[in-house]
């Protein structure tokens, strides 16, 4: 359970004063964030703002220098295994083995996560992302868009309650991007909590329930999607994310 | 710092005086035996250096404080220099006495393998850009390298008992005057080690500060 | 544990799809055997005290090639993150990768050793076979344990293909020396008592380095 801090139990994900410095750089300088279950948070921010670092910490790939991260009051440090069981990551790297088939890849992850009835689960997911016909093809033969779809299937293997997406749209053509966007909407409908990091303003804004902008390791802007005026937001976005002002 | 340097310098002067004037020349080996007064302290301080890097490696992995990485790396650097001198002095000693440039005596063999292990450490250090990764990897290498030392020594020993060698290097009778010179030489070398350690770590810490300031500006 | 088997099966499957590693390991090992035979003098009878060393030089050089692959197939598409994101512990990855390397080594040895016996006219009889197998296994375990740890380190550097032998070989010297000594004695027909202390040394090496590598692996595979 949490380390003696007062946590509001209505929050699903709670991040308090999260700091991370490494290699002489202060990547995160005190992040405070809270999400309810079922939220879809889109995070924008210039390069080097710390967005990937933040996601990596939540995914347990990096250890925080200080601060608290908790899901449903389970603190990251003490419950690393539970975190990994309920969190999934989709990034521009597919995390798939090129020489294995789609089915073999999913089966591998199903076994790793100790899924009950793995064969059935794999089939179900392949059908969900529309890759069942190509289940016996090697990932090396897939297009980028198909790899991304399979990556989504991989991320759903463990029925995650929190899905982290690190610039999933990068490198995708328009068609695949639309497909991905629709997939994300579907995921969100399934009551999963989602954090999306992207540079794609349009797609990022579409499904969001909360929007944040990270600059230099701090949350510079954070609002409920409903409160954002679309016309003005472009300005705001470019103010924080746009080119450097000298 | 200046005091330390002058202490080390004077110790060295005293040591050199004692080695060459105070102690008598050894009967069997002649003046060449004087190398021994350098060779042995070099070996001890070299070994000590690697021991320090082992401890620093462990401390770094536990505490993740980059100062242990700096201390550890410095120790390895000094250790490699000292070990190189051990090998050279051992060789210089062997040639006139036993008419061979190299002996597979356990201590010299251990020194050679240590040299290889820690030079590899330095090569590794040069090939990683990211500080955190470099520190972790080097800490692991420092630990693994040192863990190997007893095994290396014992296998070299074992080899020797199976191939008895005519060289009886360890059976040098040490007159008390020789023991005193040796002791002074030891202390002198440890003082030298401390001077080198402080100088080098100071440089490395300054490097880090410069890097951090650079990052801030950019 | 189940997870170890999952990862081992996956790695074996990957390897047998293309067989890059095994083929190059095998070929290189045989090449070394042949070249050294020529270098020492064709037609000359090579004494067991020397041929013992040659066998292990060939095996070690071949094995290093295989070790390289152990983590390079996780670099593609950042699959290593896939493993780290899952609920398994880093130690599981270590044991799995070590097991994979052990299996590769044994497969390669099953072919290289008979070729060695033929090329170097060596006498491995049914009598000394059990001890010979013990020697081989002890070397394989020590090699794979340290090798897996160091392979994880070298695959994190820029010059990873040359980095691995540079880091690995010095550490392995006592293991190789003891193995060569034991093998030479065995090939010369000596009784077990004569070389048993070398075997104890390899056993000590294996225990110490398996333990250290197992404990240190986590620091090498995970980022800060």
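Every chain is named by a letter (A, B and C) in the order it is written, and numbering of its residues begins at 1.
The rule is short, and it goes like this: contacts are C-beta pairs under 8 Å (C-beta built on N, C-alpha and C of every residue); 3 or more make two chains touch, one makes a residue touch a chain.
Just so it is clear, the model here is predicted, and its values are computed rather than measured.
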item: More contacts between chains, A-B or B-C; value: B-C
item: Innermost chain, where centres are averages of C-alpha coordinates; value: C
item: Greatest separation from chain B - chain, by CA centre; value: A
item: Distance from chain C to chain A - Cα centre to Cα centre, in angstrom; value: 40
item: Whole-Å gap separating chain B and chain C, where each centre is the average of the chain's CA atoms; value: 31
item: Cα-centroid distance, chain A relative to chain B, in whole angstrom; value: 50
item: Chain C, residues touching no fewer than two other chains; value: 223-224
item: Sites on chain A at which at least two other chains make contact; value: 22
item: Residues of chain B engaged with two or more neighbouring chains; value: 132
item: Residues of chain B defined as touching chain A within the complex; value: 130-132, 208, 211-212, 215
item: List of chain C residues in touch with chain A within their complex; value: 2-3, 6-7, 10, 13-14, 17-18, 73, 76-79, 81-88, 222-224
item: For the chain A and chain C complex, residues of the former touching the latter; value: 22, 56, 59-63, 81, 84-85, 87-89, 91, 93-100, 104, 108-109, 111-114, 154
item: Interfacial residue positions of chain B with respect to chain C in the complex; value: 61, 64, 113, 116-117, 120, 123-124, 127-128, 132-133, 136-137, 139-141, 143-145, 147-148, 151-152, 154-155, 158-159, 162
item: Chain B contact footprint on chain A (complex, rising order); value: 22-25
